[in-house]
Each structure stands twice: as structure tokens, then as C-alpha cells.
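In the two complexes below, chain A is the common chain; its partner is chain B in one and chain C in the other.
Let's look at the complex of A and B:
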């Protein structure tokens, strides 16, 4: 890994260069929230600060002189690598039999701009689920393989960040093509792959002084110090396994809406359901033909029909469903994939309409 | 093969859901290929005769004779499907369930004595067995055709019972409850509309009715933390699905 630097106003050149071969996806302000969409250099919410509470989010502009002054919005990059609704194949059933057609669209590869350490860690977990398991998700594979990751080291954590406790941030260590650290007068650039170094070819890059390295390290330390939320992990998964009947589960169920927001914003939640999409025009009584599409969409363990089998759902109550969600994140995952299924991004806390806080619930289960 | 016979019936309602069927436009022609629309007063003057494979019922029961008519329709039908908030939850007119019908009559009509109605407006399912319910004010056309397709090929309709938030998040809409403290009913409301109101930065007012296992108490408590009074909270529920939301609220608390 090599580290160089560019002048602050040269960042735009990197964007210009990327645009030729990539679709740029990154942070942009939409209706007073930082979302991830297709964007360009001038869309970066530079100077914006986002305030995160339990079930509360507020964004304000012109608050800081840094370009990457903001933290995370509700979207994670899973929106692009495992899209919310995706057509898997088209099918046709006729007297001759059943045929299926996998539609493959050639798309311009995507460059993900401004990915934080927690989200990079989440992507590694996604790889475990979608690529390293018994079945490879070819859709995810091709989207991921062609993409480029431009990471950003966090300057300011938000009030719900707790990556530090899980070792998933705030410092970006690997899993990127290019990583940006903002210091007072320039951007420091670390390259993590040959694709990453290629981007810098021909740009005016300069050497990094010891003083600037110190500034980088002290900025990372400052960020760590301002992380207010923590989670104890040394007694996981057993503290949860030992407490399936803890009264706190009933308490959280009285607050939980089973709305699924926490799972939709979580960068590691991966659950999907698939269904057949049929149109009236796809059915012909005369020729006895049915044609339609198999579609896959994000689902959630909070919905009653998810995990429903003949006779019902093994988790019929909100109590059982919340308990399952937290147990999966903080306990089953450890056995399934070797690490917790939480990277401490805090999104589930911010975007829960009633402000349920996973760190607080875990602490309560301990008592 | 004979096309299944369909009847479309109306009780107390605004006809909006029937209009949604007509809004299928060219798809309506596909519908005619597959089904025999034997009774549908909005589109044809074919008289009411015989039995139906599927009866589609709009509107709530709010008069004495409707109570008899719905039994007659049920007896003529193999399957009975209700469409919309009125038929499925009693509609906006069910607001009278919480007040006095005489007061309402006197307040609204110049000659209240000629208004011969029941003191309540109730969903079809309180009167006869209903095979399937489609929510919405009005219903979503896609959900309607999905239901008919399911009948044709013998599958369960793929219509979500989870929250509107799921749909809202899939669409990538910034949440106005969290980012602006708008009292959005999305977390306790069924998906199905395509998150129409949040798309326009407006809070959902619940026209698709309560989702399964809706925890209304908890959401209203949060609205109170955001500054709404208890009365304002109840008023949020008192729209076209008032009967269903209030029932869900009582049953869960």
C-alpha cells in the first residue's frame, strides 16, 4: 500500500477521470437527508453535518470547512450490489414445458464513492453470505467484481456509531481500491489495488511528509475518541443464548413496530424473498400459456410471511421476531460466519421510528 | 374453456375502487379475454342473474336492505373478494360508529327524517364470509389483477401484509418521520400503494389500513414524544380505515 497526496482542489480530477469508465454512486443530499445515488463531484455534501439520535436525524449545511464533514445516511451500498428489487429470470410455461431465460444486462461498472470503514466491513460479510457459501449469487458477484471502491476515513462519527467496539472502523484498513483521508490542506490517498493506482496515473501527486502522517493519525485518534456509543462483545454469543426468556424481550416487543426499517437500512441484513410477477397479458387460456418473471426483493425477518412455512411462522410474535433479529446479528452469525453480523454503523438506531437501540437492548439483556 | 364469471357489486362507497378497475385501460381488455364480466353496473347494463365464480364487492354495509343484499350475493358466489377501505374496513362513513347517527343526520341533511340508514357502517366481513380482502382507498390496480391471476392459475395472491416502510425503504425514500418528525402512519400501515405519500414528502395517513400485528400504541406514543396531543393522535387514525385502526389499537393494548 502506498500513500500519496493531492491538493484539495484536485479531487475533482479524480471524479472526471472515473466518469469515463464508471457510473459514480455516492452521497448526495435529497430532501434534507444524505442518500446514496448516482452523483458527481459537486454533489458531495461538503460542509454538511448530520445529527443522529434514537429515531431522529437532522441535517444542516455550512457547518464545517472539511469536504467529508458528514457521516452515514440511511442507504448502504447494498442498495446497489444487492438491489431492493431484482428480476432473476423470465419464464414461460406452455404445453411444451417450462422454459426460463436469465436476462443479463451489460451495465457500466460502478464506482462507489465515500464508503466508510463500517460499510467496507459489511461488504466483507456480504461476500461471506453471497460468495463463500454453498451457493454463489452470480448477480452480486458480477456487480461487485466490476465495481471500484473509493473509501473515505471518517473525521466525525455520528451519535450512533459504535464501529470501534467491533473493530470494524473508524479507520479503513483494506477492501478498497483507493482510500481518502482528509487533512487540513490536502487529501491523502492510499491505493489498495492496481485498479486504484491506475486512477492516479498522470495526476499531480505529491509525497506525504511525516507531519502530514502525524496529522492523519491524530485525526483518526480524534475520531475514535469522539465515538460515544460502545458495545461489549466479549460475552457474545452466550449472553444471548442464556437469556431466551429474559423479560426485556417482552419489553422491547411492546415498543417494536415490526416495521422492518432496521433490517432495510442495515448494511449486513441480506434477507430476500422471491415471487412470480405475472401480468394478465401473460396468460393465454387458449394456448394454455403462462409467462412472467421471477423477481427477488428485500424482505425482513420482521414480516410475518417471511420464514412462513406450512402451518405458520415459528416466530409468531413481535417478541420472537425482535429476539430472532438481535440473536442472529449478535449470536448465530458468530457460528455461521465467524464474526458478529453487526458492524456498528448505528443505522438501525437512527432509522427506527421509535428509536430502539440495539446497544441498549443488549445491555439490558445482560442485567 | 369457459371464462370464469365475474360480478362487481357496490354498497356504500364512492365508486373509486370500481374506477380503479376501469383504469386498467388496455389491460381491461386482457381481463375480458380471460373473464366474463357478467355484472358490472359501471360498465354494462347486463342484468343480475345466476351465479358467479368471483364476486367483487365495493362499499360498506350501512342500510338495512344492504344486509339482505350481501347475503344474496354471497349465496350466488363461489369466491367473494372485497375491494377498498369501505368494503374491507367500513370506510370513512364508519366514523359514525363512534358518534350518534341522529347528530350526524341533523348536522348534515336539510330533512334528516328521510335518511333511512343503520347507526353503523361496517365491513362486509361482519356480515358474510369473505374469501379475500383488498385494502386501499382506492385499491391498487396491480394488486387487483394479481388477485384475479391467482384465481386463474390457482396460487395465493402475492400481496404484502408487511409495513409500508418496507416499500418506502426499497424505493430509497428518505424517512420523513425520522428526518422531519412528520407523523407518518407507514410503520403500522400495509404496503401496497408504492409509498405514494412519502414519495411526495407527505406522511402516510393510512389508506391501506393496519398491517398485520400493528403496534399502534407504540407509534402513537412516539408521536406524542414528537409533540402531538393524544387527541391529535386519535384523529390520525380516524380516516377511511378508522374502524380497523381503532380495533387494532384496542386488540393490541
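Let's look at the complex of A and C:
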């Protein structure tokens, strides 16, 4: 990994260069929220500050001369690598038989701009789910393989961040092509791959002085110090396994709306449902033909019928569904994939309409 | 290899009605190439696909050495009802096989007790037929009915609601070539001719004589039945490590990416559906797990 720097106003050049071969996806302000969409350099919410609390989010603009003063919005990059609704195949049933066809569109690869350490860690977990199981998910694979990751080192954590406790941030360590750290007068650039260094070819890049390295390190240290929220993980998963009947589950169930917001914003939640989508025009009674497509859509373990089978529902109560979600995040994941399914991004705390805080709930289970 | 996220076409070769709500279907995979690549072990399942309606997880009820690939399906909801309306020559989609299957290596030198409730016999028929097919050869060579003297004991305990609900009833005489079989029903009509037992499957112990320490159990049926059976088996001295149960949960993708089938930390679709009792023991008693 090499580290270089560019002048602040040269960042635009990197964007210009990326645009030729990539679709740019990154942060942009929409309806007073920082979302992830297709964007360009001028869309970066430079100077914006986002305030996060339990069930609270406020965005205030242009108070800061920094480019990357903001943190995370509700979206994570899973929206693009495993889209909310995706066609798996198109089917047709006729007298001749059944066919299922996968359409392969040649899409421009995506460059993900401004990915934070927690989201990069989440992406590694997504890889384990979608690429390392019994069947490799070809859709995810092709979207991921051609993509480019431009990471940003966090310097201003929000009030709900607790990545430090899980070792998933705030600093990016690997899993990126290029990582940006903003210091007083320039952007420091670490290249994490050959694709990453290619982007810098021909740009005026300068050497980083010892003083600037010190500035980077002290800013990162300051960032860690400003992280207020923490979670204790040394007794996971056992503390949860030991307490399936803890009264706190009933308590949280009385607050939880089972809306599933937490699962939609969580960068590691992957639960989905596949179903057939038929259109009226796809049904012909006369020729006894039907056609449509099989889609896979995000779902949530908070959905009432998520664990329904013929003749019953394994998790009818909200208590069981919240317990299942949190137990999955903080215990099952460890057994299933080798690390907790929480990367400490705090999104579920911000976007829970009733302000349920996973760190607090875990602490309560311990008592 | 073919892509297991995309269904392939299969044609129904024949249908055999087993009971009023259950039938066995034999399938012929249309594509030669896929048919050749398709391999399974007893206890695995396929996702059967009715385009426009959906998919259902259904165990393979034939043995790998059988000529036909069969599924034995009980009508439950949308997909299974739609399948029940199909005729010979009709087609549907199949994805699979999925899941781990029964640990056949465990029974090579040990006694096997098969315990099934209701349609739970379907994945076990695959084991039964596997054993039957396997033993034909040596039996003829040696000319000894029942196999070698030292060959391990094989027992089937099967419980159904009524005599009319017994699946594979016509095959049981053949099963008796290699297995001691015990059938029981919850209740039988007085008018009906029924020589077997009446009562819970758990009440059949006094009839069987088996060596608990040398027995491996393969079990599939309603979860309550399996829970009480496991308790009794352990009381009788069967080691928990030698009890294998096949578990049912909601299946959507069948391949470990949808999250519907969790049983505690286990994906029933890829870590199961067959589990060693001691691996899931801690989660079995928890309500709404």
C-alpha cells in the first residue's frame, strides 16, 4: 500500500477520470437526507453535518470547510450490489414446456464513492453470504467483481457510531481500491489495488511528508476518541445464548413496532424473498401460456410471515422476532460466518422510529 | 455444472396416488446434460417450481440407485395443490438438489432405526430403498435370506394418522426383507381391517428389541413427535450423537441466502435439513426460536 497526496481541488480530476469507465455511486443530499445515488463531484455533501440520535436524524448544511465532514445516511452499498428488487430469471410456460432465462445486460461497472470502514467490513460479510455458500450468487458476483471502491477514512463519527468496539473502523484497512483521508490542505490517497493506482496515473501526485502523516494519525486518533457509543463483545455469543427467556425481550417487544426499518438500513442484513411476478399481459388463456419473472426482493425477519410454514408460524410474536434479529446479528453470525453480523454503523439506532438501541439492549440482556 | 438458482424442466413420467392427500411423482429431467450431472444423496431435497405460483421444498423419495427420480407430495397450500392437478406428461421446474442428506457413513457398521411420522417417511424412503437396492447383490451371491449373519439390524417405526394415511403401504412387504417394520396409527375405524398398532409411535418400544449403544437413529416427522422420541431414545440409552433428525422450516431460496429457514444459528437448507441431535439440542426446547 502506498500513500500519496493531491491538492484539494484535484479531487475533481479523479471523478472526471472515473466517469469514463464507471457509473459513479455515492453520497448526495435528497430531501434533507444524505442518500446514495448516482452522483458526480459537485454532489458531494461537502460541509454538511449530520446529527444522529436514537430515532433522530438532522442534516445541517455548509457549516464546515471540509469536504468529508458528514457521516452515514440510511443507505448502504447493499442497495447497489444486492438491489432491493432484482430479477433472477424470466420464465415462460407454454405447451412446449417451461423455460427460465437469465438476461445478461452488459452494465457499466460501478465506482462506489466514499465508502466508510464499517461498510467495507459489511461488504466482506456480504461476500461470505453471497459468494461462499453452496451456490455462488452470480448477480452479486458480477456486480461486485467489476466495481471499484473509493473509501473515505472517517474523521467525524456520528453519535450512533460504535465501529471501534467491533474493530471494523473508523480507519479502513483493506478491501478498497483507493482510500481518501482529508487533512487540512490536501487529500491523502492510499492505493489498495492496481486498479486504484491506475486511477492516479498522470495526475499530479505529491509525496506525503512526515508532518502530514502525523496529522493523519492524530486525526484518526481524535476520531476514535469522539466515538461515544460502545458495545462489549467479549462474551458474545454466549451471553445471548444463555438468555433466550430474559425479561428484556418482552420489554423491547412492547416498544418495537416490527416495522423492519432496522433490517432495511443495516448494511449486513441480507434476508430476502423470491417470488413470481406475473403481468396480466403475460397470461394467455387461449394459448395456455404464461410468462413473467422471478424476482428477489429484500425482506425482513420482522415480517409477520417470514417464518410461516403450512400449518403454523415459527415466530408469531414480536418478542420472538426482535430476539431473532438481535440474536442473529450478535450471536448466530459468529457461528455462521465467523464474526458478528454487526459492524457498528449505528444505522439501526438512527432509523428506528422508536429509538431502540442495539447496544443498550445487549447491555440490558447482560443484567 | 448447472446453475442451481435457475430451475430446469422435468416431465412427470408417472403418478401414484398414495393416500387421499399424498401422491408420488416420478420425474424425467428433460435436459440430457443436466440429467447426467444431477447427483443426490438420500435426505436431500429439491425446490419444485410451478411457474407463476411458486416453489416448495420437497424431499427426494427415491434412492440414487433407483431408476426414477421421485417426490412424494402431500397437498398443503398453493404450490402443492397446483402440483396435485398435474398429469402424466406435464412439466414443472426443479432446482436442486439441496441440503446435506442422511449421514450414511454412520450406519455402515451400526444398527439403524428409522423413525417416521406422516409424510416424514418420504426422505427416509430414499434411505430404505438405498439399503434394499444395495443388498440385493450380496444376498443372491450368498443365498442367505436376510444378508450376512453379522449384518447390522435395521428397524422402521412409522406412525400415521389412520390406516388410510399410510404412505408406501404397498411397499412395506418388500421393506420387511431387510427391516423389522412397525406401523402404528393414531386411530383406526372399527370397520377397517387393521392388524397393526394403535397409539403413539412412542408406545412401540416394548415390541422392538434393539441395542441402544449400537444404534443410529434417522428420524423425520412432526417436530413435537421428534422431540418426545428423542427424549425416550436418550432415556433408553441411545447416545445423542447418534440421533439424526430432519427439520422443517420455511424454505425460500434453498441455498443459504434468504434467511427464512433459520433454526437457531443453523440454515436448515444448507447445514441441514438433517442435524445431529447434539448439534442443535440447545435450541430445540426454545419456543419460537
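By our rule, the second predicted complex is superposed on the first by the 367 of 367 C-alpha atoms of A that agree within 3 Å, B and C clash if a C-alpha of one lies under 4 Å from a C-alpha of the other, contacts with A are read in each partner's own complex, and residues count from 1 in each chain.
The rule we apply is simple: a residue touches a chain if its C-beta (ideal position, glycine included) is under 8 Å from a C-beta of that chain, and two chains touch if they have at least 3 such contacts.
Note that the coordinates shown come from a computational prediction; the quantities given were computed from them, not determined experimentally.
When both complexes are overlaid on chain A, the residue A:315 reaches chain C alone and has no touch with chain B. Touch criterion not met for A:128: it reaches neither chain B nor chain C. In the superposition on chain A, A:290 contacts both chain B and chain C.
In the superposed model, A:275 makes contact with both chain B and chain C. Residue contacts after overlaying the shared chain place A:229 against neither chain B nor chain C. In the overlay built on the shared chain, the residue A:32 is in contact with chain B alone; chain C does not reach it. Using the contact criterion defined above for the overlaid structures, shared-chain residue A:324 touches chain C, although it does not reach chain B. Of the two partner chains, neither chain B nor chain C is touched by A:144. On chain A, the surface touched by chain B in one complex and the surface touched by chain C in the other have residues 275-276, 278, 283, 290, 299, 306, 317 in common.
Note for the complex: chain C touches chain A at residues 3-9, 30, 51-55, 76-77, 80, 91-93, 98, 248-250, 252-253, 255-260, 262, 264-265, 267, 270, 282, 286-289. By the touch criterion stated above, chain A contacts chain B in their complex at residues 30-33, 35, 37, 55-59, 73-75, 79, 84-85, 254-261, 264-265, 275-276, 278-281, 283, 285, 290, 297-300, 302-306, 317-318, 350-351, 353-355. Across the interface of their complex, chain C is touched by residues 88-89, 91-93, 97-100, 102, 129-130, 133-135, 137-138, 241, 244, 270-276, 278, 283, 290, 292, 296, 299, 301, 306-311, 314-317, 319-320, 323-324, 328, 331-332, 335-336 of chain A.
The touching residues of chain B, when paired with chain A in their complex, are 1, 3, 24, 27, 30-31, 33-34, 145-146, 148-149, 152-153, 155, 158, 160-163, 165-166, 169-172, 174-181, 184, 186-188, 201, 212-215, 217-219, 221-222.
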